[in-house]
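Just passing along the structure, written as structure tokens.
By letter and in written order, the chains are A, B, C, D and E; residue numbering begins at 1 in each of them.
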Amino acid sequence: MYIYLLSAPIWFSKLPILKDYLDPMVLDYLVWPLVQIGLLLFVVLTLIAYLTLAERKISAWIQVRIGPNRVGPQGLLQPLADGIKLLIKEDLIPLKADKGIFIVAPIIAMVAALVSLAVIPWGAAWATISNIDVGLLFILAVSSFGVLGIILGGWASNSKYALLGALRSAAQMVSYEVPMGLALIGALMFTKTLALQDMVINQENLHIWNVLFQPLGFLIYLISGIAETNRAPFDLPEAESELVAGYHTEYSGFRFSLFFIAEYASMLIISAIAVTVFLGGWYLPGLSYILIPGSTLFVLASIGVFAFKTLVLLYVFFWLRWSLPRYRYDQLMELAWKWMIPASLANILLTATILVIAKEFGLIESQGNFLSISTAGYIFLIGTAFIITVPLTWIILGQINARSRDFNLREVEPLPMNRAKKNS
Amino acid sequence: MDLIWLIPILPLIGFLINGLLAKRFNFSEKLIGGVGVAAVFLAFLLSLVAFFNYSSWSKQPGNQAKPYISKTLTYTWIAGGKASIPINTVNTSNNTLEETSKNNIVDLSIRWAYQIDHLSALYALFVTFVGLLIHIFSIGYMHSQGGFARFFAYLNLFMFMMLTLVLGSNLLMTFVGWEGVGLCSYLLIGFYMTRKEAAEASKKAFIINRIGDLGFILAIIAIFSTFGTVEYQEIARLIETYPVETLGTFGVMSFISLGLFIGATGKSAQFPLYIWLPDAMAGPTPVSALIHAATMVTAGIYLLARMNFIFERSLTMMLIIAIIGVLTAFIAATIAITQKDIKKILAYSTISQLGFMFLSCGVGAFVAGVFHVLTHAFFKAQLFLGAGSVIHAMKDEQDITKMGGLKKYLPTTYKTMVISWLAICGIAPLAGFWSKDEILAKTFSSTIFHPVIGKFLWFLAFLTAGITAFYMTRLMALTFWSEQKFLGETASDGGETTDDSDKESKTEQHQGGGSFKIRAVTAGTINTESTSSKDPITSDRETNKSNAETEVIKEQRLKINLEPSVLVVNPKESPLLMTLPLVILAFFAATAGFIGLPIGYNWIENWLKPIASTDTHLFGTVDIILALVTMIWSGAMAYFAYHIYVKKPQIADDLAIKLKPFYQLSANKWYWDDLLDVKLASLINKFNNLLGEVDRFGLDAIPNGSALITRGVSILSGSMDRYGLDLLVNLIGWFTRVASVILRTFQTGFLNNYALVIIIGLVIIIVGLEYQAIQEFYVYLFPATPKITPTPTPGIK
Amino acid sequence: MADITDITDITDIIEQENESNEMILSMGPQHPSTHGVLRVVLKLDGEIVTDLDCDIGYLHRGVEKICEHRNYQMIAPYFDRTDYIAAVSNGLCYVETIEKALNLEIPLRAQYLRVILVELNRLSSHLLWLATHALDIGAVTVFLWAFREREEILKIFENFFGARLTCHAFRIGGMTYDAYDGFQAQVKSFCDRFPKCLEDYETLLNTNRIWLSRTVGIGIISSDDAINIGLTGPPLRGSGVEWDIRKAHPYECYSDLEFDIPYGENGDTYDRYLVRMEEMRQSRRIILQALEKLPDGEVMAPKAPKTVKPPIGEYYHSIESPKGELGIYLVSDGSAQPARLRIRPPSFVNLQALRQMAIGHLVADVVAIIGTLDIVLGEIDR
Amino acid sequence: MRLVGLEAVIFYLFAVVAILFAIFMITARSAVHSALFLISTLVASAGLYFLLQAEFVAGVQILIYVGGVLVLFIFVIMLVNIKEEDTKIFNRQILIASILSFFLGLGIIAILLQTQKGNFFTLVSPLPPKIEQVQNSPNISQSHNISQNTIKIGQELYTRAVLPFEIASLVLLVAIVGAVRLARERKQEKIYD
Amino acid sequence: MINLLNHILLILLQSEAASSGVKERLLEGLFNVNINNFLVLSSLLFVIGIAGVLTRRNVIVIFMSIELILNAVNINLVAFSRYWFLQSEGKNAYMGEIFTIFVIVVAAAEAVVGLGIIIAYYRNKETVAVDEIDLMKW
């Protein structure tokens, strides 16, 4: 059972009080994980609270506003105020709602989002709670739970708008789960493992980030990830101009905040996975030369690196949300089924072909669970990824999709850009 | 030299580019041609390099007589396991095979690997070289015809397949190439797929080739089960332990040889299976030149030469090969005399020459065969391309009786074709002479059979050589030397036509531009009287008149209201792109023979020594005499032909009438096609009818008789039935009704009920089968209270 | 045009619900993207709109009836409340009608000032349209950026009129007061900055793949249909009809000013968007010219009567408001109160095209189409 | 195979949850509730798989069953939108069916008992090999000795079980085509044709 | 107090450090889970699934019961897979798990097609009660 868990760092097992009273094994496998979990939950929940603030601030900057600035210095206490407001709000349950499910749904969404945190490698060595064999699969599986929370929440509200929003949301998430999973497979061919910590170690061994091998996979993953979290430009379920507020229309107060936290947590997880799988996780070239690998300082630095990368990606999330209009529902589905899924399949196919060719030419070698790549191999793999995979997929899909029928029921010719002619 | 895998791959790349991208991205013809030619050109360069590299490599100690196998692109193609195959030893006393207790552990897997050795180096070189020239020629020939990209894609694919055939390191790879070239041949014969005869010819070629391929597959299987490998190198090594099967015996070697030979017969168009090759001329002319003259059809010779060590172990098969070869040569040559289609003549000529090669292999002179392949490739390719040039100039007219006098229109074509004509006739310093003469000499002096057999074979071959000279001269004469039988463009409005029906003639613009083909339209005028009997055309037509087949053709022509009559064209010399290959090929047709000079250093024999050792045959007096005799005989025949077709054309007609039986035999291709097409089919029909008759009169009597008996019996049984059995039946019916009332209650139509019944069944099964277990469980759940056993009452015992 | 005249009653639609598996969705009147209290009853087949009908009147205040019981001067402020987005234009239309009835010539300075203000108001109206339209389609940032510029205009209005929304300074015969000090400089500085802002919006939208896929080919109406329905303003011009009252029947000093009429080609949402963007540029051009030519002098006509009593008769006057042709039909019985006053609101007429534009599109497109029509419920319901 | 200590506790936890929610599932009035209970049972099973160190199967179970199949179920329930509350949920044969099921269960357990020849609850199967404490090696580049379950399954799946694997893919393809064909409305077909 | 906690936790972690007496007793009792426990659990789930199929009217719930039955089978397979892993030292150990994957795949396919049929039926008949589905053809 505890093979999934990693033992505590030495400094922890030497803490005076714990050492005196508890057996080292108990310390390692019961106390330390609990400490980790507690710490992680605290940090993540605080982070999520401040992510809301960050989003508001960033959107404000983008829109040339100041943003929240009243509560605390520079509005830094705003999340606290929001939280308190949400908590003390009256908890409304619609009369005709399915009470049980109405209560359970946000909890499911929340739990689904938070459970994934357990396997993410937040940093080197002891900074990870557990490094299970099927880490990535686990995360995909658990995040597919999130759909349930949304769909049940929408259904239980017994409101047309909520139900419609939930159905849309669920269909969208189920659709985008497919390319998201498929996009990761290309990277898996390089890391050769599903365990997330091992993936990072693999990238460290190769001294490279997978995004260089898998630009297309990364792109698809990022887009699908944005869609998966129902963020703009895919925020159809919450399109207020069409559906008022989506699946959580009838929710308020604490339950609403649970949904809210779940959304942000899943954003966090999507970014974290992207960082782990594609951007080298906590690995930063050169870090291990500056600090001694395995030392506490190194671990802390690696956590910092991971956090930085994740936050950058989160910033991209915010950035996109505030600069793009919203897709229409059929266009969104079209994007998933006509672009993302074929593109990810093409990516898998081409990556596999390229790997086989590289292996045939002796550019890469498989050593157990690791790949070893020669210098020419790096050039070959990166070059083919950028020169062949991306353009080829683009061209082929463009060719295919140019012919397929758009759901725009009134067909029009593609138009030139500036058609507002002046009266000369 | 490790780049030899690129030799076949380059044309494949060309094929992929032309085949997949050209149409989609609308490549220009220049680009398509460029890609096609570049691929083959690079392959040619590579094979040149490989040839010389291999030549030096094989001279190093330890590498003698060893093929070089490319390391790249070598992998296990079909994975097999280890197997043990008994090692045979030759019992020296009675020269028989004995199985020893020792077993040879072999790996049954088959790999995909390209190898180069003396034979394949030579073959690769001339295949790529001739292929290159024909590619270049095709650019001009196929200009502005539909399917340009498709044509080049197929040609490149063919090159890939042919080179795979040649360079493959094992029989199975060769087989892949074999099938591949067959496929390409099929595709290219049927290139003008809208033409009915092309489509049918392609099918014919494909199907007849399958017959041969069956033999090839059987041979491969036999080899695989005998040696446990299909690698040439391994077979050559293992074959040492097998004895030579003498004339009249038919052992495993003979069986393999037979299979291989049938395969070669199909591909190389030998006697029973040659009929597809003339029809294959429906394809574009460069295809005929490349596939059906120079390269693909010689794959059979390649196979024979490659597996010579097996053939050498079966004298029976050697004899059969020789006989078939010489027969083919003779028959095809005689047929060629009377053909009128320029390409068909060349096709029969090809068959005839292939027969020579087979003959050569049959008498054990494999090197001579390969030598002839080489020279033949040059002059025959040249002849085909020249014919292509002529056809091109004549706006797709192929009938030589309608040409004549082209000498002045097509100077380059004419000059180059003269060289090839001389070469094929076997005139002294040209390529054909050396190779053909070597074959004749080897045949004459062959001693592996009875010497008399050798002499007899030589005589037939000798005759054939003369006939060859005759029909080739006829071709040249009718095409180039005789008087012009078509109208030049300027004369088209002069009204010189001898045809009466030109009043209603209709012009039809040809896509070539500038020239018109005039065709008579009226149906009624087509009869023999309306045509003058001056020129050979009409005489041929008259003789053909009696032929039912021509009648059918005429009827068809009547139907479509088109009768080809006198042509009006303005032949022009082909562009440089087409004449250049002609010149180059003519050059080689003239000089290629010097690699196999029987005097001095015979390079080709030395080169091919590791493949097929022939007894180094010195050029003796007999041979010189023989050569002279042959040359004189050929020359005489050539002059005879020149005389009767150019000088005094009426002699030809007279001869045709005088020698009518022979003429018709030749014109009807020895009735072999008819036999296959009509006679065989009618034979089968007759057999079917016979069976039908048997059925009607013999077998039907039995049912009729029995019916009679049955009727009688049934009357009897009917009465019994009515009174006895009906009661029973009614009883059953009643019972069924009652039962159904009961059973109907189960058929509720509700899914749950059905499921319930299933579960009831399950419970019954469990209880029934595992009653013991349930009892134990019961005891386990409720531990038995000690039973009060009745104490035995005393007193009862 | 059969399907336009054959407008189905709402009750009919609802009755049909049980007959087929088509769904009836009522959008509004409290829906965020119906721009007020419009109620649109949609008949849906899945997500495709097969029929729709608008239910209006939620904001009806009886302005026309009220006008019959007020003096002419007292009526003017009511017009600020019909199209509250373009209050200045509405006021202008009213005072011009009365001036036309009285045959009153107004001073040139007043004319130029009026033009400047009306064009500024056009800018503010278009900016608001852009903001909400983009917001409907999901581009939130454009909303705030456009509001930033609108704020500038509103500040000018506030300085000039003392009000931001219901601006009112036009009097029959000219203007109540002259421009404040620094008015010209403020307008000038705004106009100088404005093209940059427009470019910013267009950077976000013009070539944005999502924006294109949401607007190109959506809500197409042909020029013939547009004319037949009676569309005016940008929706008409978007369909390729070159019609602008400022050019066709110039009023005020428009004939002295140089500007172009932008018009579209395909009559889809994207074309209307481009037309409005170009109109903003042209408005800026007009303002700059007017500022340059702004003469000195009085702003109130000296002949203006104290009590307005137009001669007996019927008068119609229309101007090009930001939404289209705003017309007033006045019946005067010679008293101080109009006998009848009828407003021709452009939004009301433009809304009639919604049915034809939206049928066959998806629900999400209805939102975009309502946005592109740029309707104001205050004007529709009056 | 023998689970002891904490693992046993967790086993009982999951087992009880699974059975309890399974019973709830077949008795729930609302189909959505049923689906939710089924999800709980399936998740508990996934937990059991984790306990059995079959991580891959556990992941697949959650990903496909919960994330895919059950979401589909809920979709369909919402689409069909049955007003179950006012109709009876069991059919007429409830009594006989429950009795029968009870006996079936008893029978199966009895057979189990018999195969173990009475050693039912005391059967001692070998203890799992003691798993070594996983230490954080100072060299972070070293992979931890985590379970190789996924790799093994992958190898088996693509070597020995490759034929069933291909067949399964075919089954899925057929299912996709069939489902699309079945669920399409005529109107949609008209649009797409 | 904290020592006792420590001790219990150690037993739960089956550490060697725990005193043997208590541990053995606990092991002998409830904390001894072997293949039979899984088999009993699986058979119970199976029977519950069957009961669902037999008694419910809603065809979707019947479907879910079938999924439950399949899940019971899966538990069996995985348990045996693990059992064999230890009994046969890794030989053939993963076949049970692979079979489970196939079962899941087939269950998914079955659910998709079944639900498709249900939707198609519902569209025509507007019912999903299994005892109202009694026509072979309409």
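We adopt the following convention: a contact is a pair of C-beta atoms (placed from the backbone, for glycine too) under 8 Å apart; a residue touches a chain by one contact, two chains touch by 3 or more.
It should be emphasised that the depicted structure is a prediction, and the values quoted were computed from it without experimental measurement.
K.L.:
Please find which chain has its CA centre nearest to the centre of all protein CA atoms in view.
P.N.:
A
K.L.:
D-E versus B-E: which interface comes out with more C-beta contact pairs?
P.N.:
The comparison resolves to D-E.
K.L.:
Just the number, please: Cα centre separation of subunit B and subunit E in whole Å.
P.N.:
63
K.L.:
Cα centroid separation between subunit A and subunit E, in whole Å?
P.N.:
Centre separation, subunit A to subunit E: 31 Å.
K.L.:
Could you state the distance in Å from the CA-based centre of subunit A to that of subunit D?
P.N.:
26
K.L.:
What parts of subunit B, by residue number, touch at least two of the other chains?
P.N.:
As it turns out, subunit B has residues touching two or more other chains at 750, 752, 756, 759.
K.L.:
Which subunit C residues reach two or more other chains?
P.N.:
If we look for residues of subunit C contacting two or more partner chains, we find none.
K.L.:
Among the residues of subunit D, pick out those that touch two or more other chains and give their numbers.
P.N.:
As it turns out, subunit D has residues touching two or more other chains at 6-7, 53, 56, 60-61, 68, 91, 93, 97, 100-101, 104, 108-109, 120, 149.
K.L.:
How about subunit A: which of its residues touch subunit C in the complex?
P.N.:
Touch list, subunit A to subunit C: 59, 62-65, 232-233, 235, 239-242, 244, 321-331, 407-412, 414-415, 417-424.
K.L.:
In their complex, what parts of subunit B are in touch with subunit E?
P.N.:
Against subunit E, the touching part of subunit B is residues 749-752, 755-756, 759.
K.L.:
Taking the complex as given, what residues does subunit D use to touch subunit B?
P.N.:
Interface residues on subunit D, with respect to subunit B: 91, 93, 96-97, 100-101, 103-104, 106-111, 113-115, 118, 120.
K.L.:
Give every residue of subunit D touching subunit E within the complex, in rising order.
P.N.:
Of all residues in subunit D, those touching subunit E are 1-9, 11-12, 15, 18-19, 22-23, 25-26, 28, 31, 34-35, 38, 41-42, 45, 48-49, 52-54, 56-57, 60-61, 64-65, 68-69, 72-73, 76-77, 79-80, 82, 84, 87-91, 93-94, 97-98, 100-102, 104-105, 108-109, 112, 116, 120-121, 123-126, 128-129, 149, 152-153, 156-157, 160-161, 164, 168, 171-172, 174-176, 178-183, 185.
K.L.:
List the residues on subunit E that touch subunit D in their complex, please.
P.N.:
Of all residues in subunit E, those touching subunit D are 11-14, 27, 30-41, 43-52, 54-58, 60-61, 63-65, 67-68, 71, 74-75, 78-79, 81-83, 85-87, 93-95, 97-98, 100-102, 104-113, 115-120, 122-123, 128-131.
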